[in-house]
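Below are structures written as structure tokens.
The following pair of complexes shares a single chain, chain A, combined with chain B in the former and chain C in the latter.
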Partner chain A sequence: MTKLATTAPPRLRTGRESQRRLAFWLLLPAAVAVFGIIVYPIIRTLIISFFEVESALATETPFVGIENYQRALSSSGFWAAIGRTLYFTVVSTALELTLGMMLAMLLNARLRMRWLFRAIVVLPWAVPTIVNAAMWKGIFNAQYGSLNAALTQLGLTDEYIAWLGDPTLALNMVILADAWKTTPLVAFFLLAGLTAINPEIYESAKIDRASWLRIFRSITLPMLVPSISIVLVLRTVEAFKAFDIIYAMTRGGPANGTQTIAYYTYVRAFSDQNFGMGSALSYIIVIVILILTTVYLRMLRRSEMSLL
Partner chain B sequence: MRHQRRNSILLHVAAIIVAVLILLPFAWMVEASFAPQRDLVSRPMRWIPSEIDLSRYVEIFQGGEGSVGSTFRAAMVNSTIVAVSVVAIAMVVGVLGAYAFARLRFPFRKATLMVFLATYMLPQIALLIPLYFILNALGMLNTLVGLILVDSSLVIPFTLWILSNYFVTIPDELEEAARIDGTSRVGALFRIILPSAKPGIFAAMMFAFLLAWDEFMYALIFTSSDAAKTLPVAISEFAGRYTTDFGLVAAGGILAAIPPIVIAVIFQRYVVSGMGVGAVKG
Partner chain C sequence: MRHLKNGLRRTTATVTIAAAAALALSACSVTGAPSSAGGAGDADSGTVNALFMKQAGYTEDDVKEMIEDFNKEYPDITVDPTFVAYEALHDKIVTAAPSGTYDVVLMDVIWPAEFASKGIVTDVTDRFPDEWKQDMLGGALITAEYQDKFYGVPWYPSTKLFYYNEDMVEEAGYSVSDLDTWDGVLDVARAMKEQGIVEYPLAWSWAQAEALICDYAQLLGAFGGEFTNDDGELIINQGPGVEALTWMKDSIDEGLTNPNSTTFLEDDVNKTMASGQAAFSLNWESTFRDLNDESISKVVGQVGVSATPNGPEGVRPGVNGAMALGIASKSENKDAAWNFISFISGQSEQEKFVTSTLPNWKASYEDSEITETNPEVFAAAKVGYDDGILRPQVPNYSQVSQIVQLEIQNALLGKKSPQQAMDDAVSAANDVLNG
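For the complex of A and B:
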């Protein structure tokens, strides 16, 4: 296991007081650049979420307490968006972890021209999200898309399918497009975990004639728990923040079928100009992300204990 | 031995299949950017273009004032300035902060790092409206400086994280030896830590560049003209406007993807070392 940033550094021969002072000055630029930008907006958004602000030019903005939150939580559109977000999270994370695990093992295998394989795998991750979205929008196009062309020419389908024309199908297609770009990143996270495993453990397992599946289940998987937990947290947070790919592929359509919670919030705040509601929704996203991350980390820490 | 040989062949076959699956969509986009429009809309589709059509690239590189090309070229310049500046800021600020996290003892060290990392959980949309008004008040809406500042706040937590995790892996003895010889802490940072942290630094730079190049939401809301519009915004506009000419969108997309692809391919061997795993557990 590599050392972690959170393990305490050794005492070098400097006084405590001077270390503190140096740490303060070294961290000051980062703190200013990050918190200087975000602290005021976070507080401001929290305040706006308690007021009724229904246009950018609104002159009357009455205090409404938690009414925005109540209205959000009692609207069916909100729950539909949360449902789609959870579906997006679960399906895309499961897909990316499964494919990513296989890909990580391939990346770790002894391959000729491994550098070339790794360079190819890194490619989708480097493609900007908006370009990725535009590319898949073209591939899934109902009339001219290459997917329809390929499937009909191979005789797999008789007629062209409107891949982005049906709410449920469109959500799945967005997940596929997202997985193409993100699976390599997941694979590299898992690869980082794989390369940290001591090869001697495998050697002794082989001497014991353990089966491939057993080695995977009792050595590889437990050792990868830290990597997997990071992937789970990152992918869940990303799913709740997903905006770019949906904006560029479907604009939330058809029939709101791909409107996940971040996009739903964007529509409430900017298309409807309901800034009070948009702010309340943003805070709901933050709270949900916080809860999910905490639960994940708890769960995974416990499961790691039991696996060890 | 034969068993091993068979396994090895299977692995290579799997790798080739995966490589093809990864490359196919991208290859089609490249092909579409060179294929004449009539090939792209024909049924059955012509996979091999009947001729090489460079018109989209000509339009992008030579289109006059107010054309798609001039917007694209301005966006290319803007994206480059923004990404390079954000990388520079995030690296300088990140190296200094990471040294503190990895090497110094001070109260609330872990909590401070956690607060930086927790900012990643904030959806950009939660900051969008107040930031818009601040930038407006400061006259920084639709400016590169404004965009560089807000993008840096997104990227710095990542560079801090990657660099901190790398710096702690550098043996303390190296630094102690230099310090006994009378080098100051800051001197040790530049003479000892930085040269031995090259993989971590390359990984952090690469992540920072990809993040900055990819950033969309701030650019979408805070920029409105060629003065500051970045490539993701320009491309999402093309894709919305020229729905029938996929070739043009494809050509723009490929050009926008080339810089990050080149950087990722060159630096890919540092990706793994940059992913210090596990520190979240604390």
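For the complex of A and C:
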């Protein structure tokens, strides 16, 4: 007892110290993880982008300055890939927003077993992209895919269509497969926004005999601006980076029709073993995404309804 | 409280710096690849991680059986096989190279130049017995060779054979002897189409992939062409190169080739043929087994196989699609890996699996006991092995191939004329080849 009493004041100090030590140990795993898998690769990629690295095991890696960037920006393949990426980003984001909005409103309606519908809708989002891609690749298969089987059996077409056989059509079909997976996410973001709207506003609008369209345009849409903005930022950035769905569905073909910038970068780095060029391309993607995000955040800050 | 916050911040900073320093110290080159050159390890024990493919050639079950046989002789070596799709194999070898994940890697005939010049696989010239150079087929030896050195052991020779549905040929009023030339094949195909026997008689693996180059190579050979001239420059925009492509495009336009071919890999061609939706196709040796497998084929017993048909020049080289087993340069277990590779490449082991793929060894082709087990394929393949067409053996083949794939597809999809497509391919590819 006496011992405890005498050691009381130093204990306070060691208490603080041990707390600090505890903090150190608690932080260590997170710090190592963040540095190991984020900061370190980012810095290393930046360094590699200024060197000519032509093998995974390269020992001679001459410094070339910004030559990799110059060569990337002057190649026609790069700009073609950027063009396809922009198309992919704009069309898939627009499609997902439109479908997601419709889905959100449906899920917000007072339906019986609404919880069940909400649970079912989230399923596609729960499917891993690679599984989703494999599934749609099967559905779109020209020779034995279920889409062609369904269409011919319904008498809608006489001939099997090679859904992934034409460059433009293939890109659109990949967008569709991507939208099937990500629309639920968009819908749930918007649903969260919808449920936050005070129902009294709708009631007074109904008393004023406002039409459904008018209510949507003047109440729902403006009140959803924050949710829509967040979805827009998230989906644009994600779509710009699209890689896995393309790798699994088309591998960039046919005739490079689905080769987006992320896939183009992968091919330069790993198939060509041109890691300097691949790193430079990665940084170009990072810069584009940074610009996009900054612009969006500015827009959001200016809008009064913003949450950010 | 404030004191605590500062302390936390300081702690965070310390951890951060420590982590960064640790990572910086571990790095020793721009790429971050460790500079050690792997190791020999113990020849009779340890674990050998081996990377194989899921497609054509030996099946996963075959490989597992080979490992069992190997373990009877080397009980203390554990072999851990991984199987990936052919389309993913190259990139997997490259990305795993710095960490030495795999000791043994399966290489296609088009990669030794790249892997050797970039140090991805080990030079095994000193281990390679002299008699193998005489006893193995020449076309298979090339797969492991670059600039007179060996970077692996040939595992099997391979070429694309011509498969035909004999029932359909007879129904159209023709016989197998009419299929000796591509012109003959087209005549029979036209008759089949007119009589409604099959909507699209020909199916090909013309997706944007290496499979497209293999089909093209075989047609290029039939038209008497080569990929490169003696100076190593691509010449497929002249004569045979353009004629072969024009022939391909015409067969689509005439409705003889299944237009979905531009999305097909070998497996899709196999399934199309197996479901009776094609009468003719080019495919690897193991296809004959698959087309006669009742669980996956509706055309069991209807399919014949021969060497690729003759072109107008009266030649019929098969594309060289041989595969070899190499030892990754960062392997820590090279001696055990070598023992495994030489065991499964051995003549007696290979002769057990001739319905999957044919052996490396010349002697197997003289042994009637062996050839009788798969007589059709032995007879057909021998022609292709004796006279093969090689894809360019250059370190940046991958880039050249991608360029050619793209331009062939541009022509097949009607985006460019065959001449224009090949001119563009040659100018882009020669830029790559000349650095």
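Please note the rule applied: the second predicted complex is superposed on the first by the 265 of 308 C-alpha atoms of A that agree within 3 Å, B and C clash if a C-alpha of one lies under 4 Å from a C-alpha of the other, contacts with A are read in each partner's own complex, and residues count from 1 in each chain.
Operating definition for what follows: a residue touches a chain if its C-beta (ideal position, glycine included) is under 8 Å from a C-beta of that chain, and two chains touch if they have at least 3 such contacts.
Note that this is a predicted model, so its numbers are computed, not measured.
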{"item": "Chain B versus chain C as contact partner of A:Arg20, first or second or both or neither", "value": "both"}
{"item": "Contacts of A:Pro222 with chain B and chain C, given as first, second, both or neither", "value": "neither"}
{"item": "Between chain B and chain C, more extensive residue contact with chain A", "value": "B"}
{"item": "Partner chain in contact with A:Tyr144 - chain B first, chain C second, else both or neither", "value": "both"}
{"item": "Which of chain B and chain C A:Tyr40 touches, first, second, both or neither", "value": "both"}
{"item": "First, second, both or neither for A:Phe51, with chain B first and chain C second", "value": "second"}
{"item": "Footprint overlap on chain A, comparing chain B with chain C", "value": "16, 19-20, 23-24, 27, 31, 36, 40, 44, 48, 141, 143-144, 270, 275"}
{"item": "Complex contacts: residues of chain A adjacent to chain B", "value": "1-14, 16, 19-20, 22-24, 26-27, 29-31, 33-34, 36-38, 40-42, 44-45, 48, 103, 106, 109-112, 115, 117-131, 133-139, 141, 143-144, 146, 149, 152-153, 180, 184, 188-189, 191-193, 195-196, 226-227, 229-230, 233, 237, 240-241, 243-244, 247-248, 262, 265-266, 269-270, 275, 278-279, 282-283, 285-286, 289-290, 293, 297, 301"}
{"item": "Touching residues (chain side chain C, partner chain A) in the complex", "value": "3-4, 7-8, 11-12, 14-16, 19-20, 23, 27, 29-33, 35, 87, 90-91, 94-95, 97-98, 114, 118-120, 207-209, 258-260, 262-264, 268, 271-272, 275, 277, 329-330, 396, 398-399, 402, 405-406, 409-410, 413, 415"}
{"item": "Chain A-facing residues of chain B, complex", "value": "8, 11-12, 14-15, 18-19, 22-23, 25-26, 28-29, 32, 40-41, 43-45, 89, 92-94, 96-97, 99-107, 109-110, 112-113, 116, 119-131, 134, 149-150, 152-153, 156-157, 160-161, 164-165, 167-169, 172, 175-176, 179, 185, 210, 213-214, 216-217, 220-221, 231-232, 235-236, 238-239, 246, 249-250, 253-254, 256-257, 260-261, 263-265, 268-269, 271-273, 275-282"}
{"item": "Residues on chain A engaged by chain C in the complex (per definition of touch)", "value": "16, 19-20, 23-24, 27-28, 31-32, 35-36, 39-40, 44, 47-48, 51, 53-59, 61, 141-144, 160, 162, 164-167, 251-256, 267, 270-273, 275"}
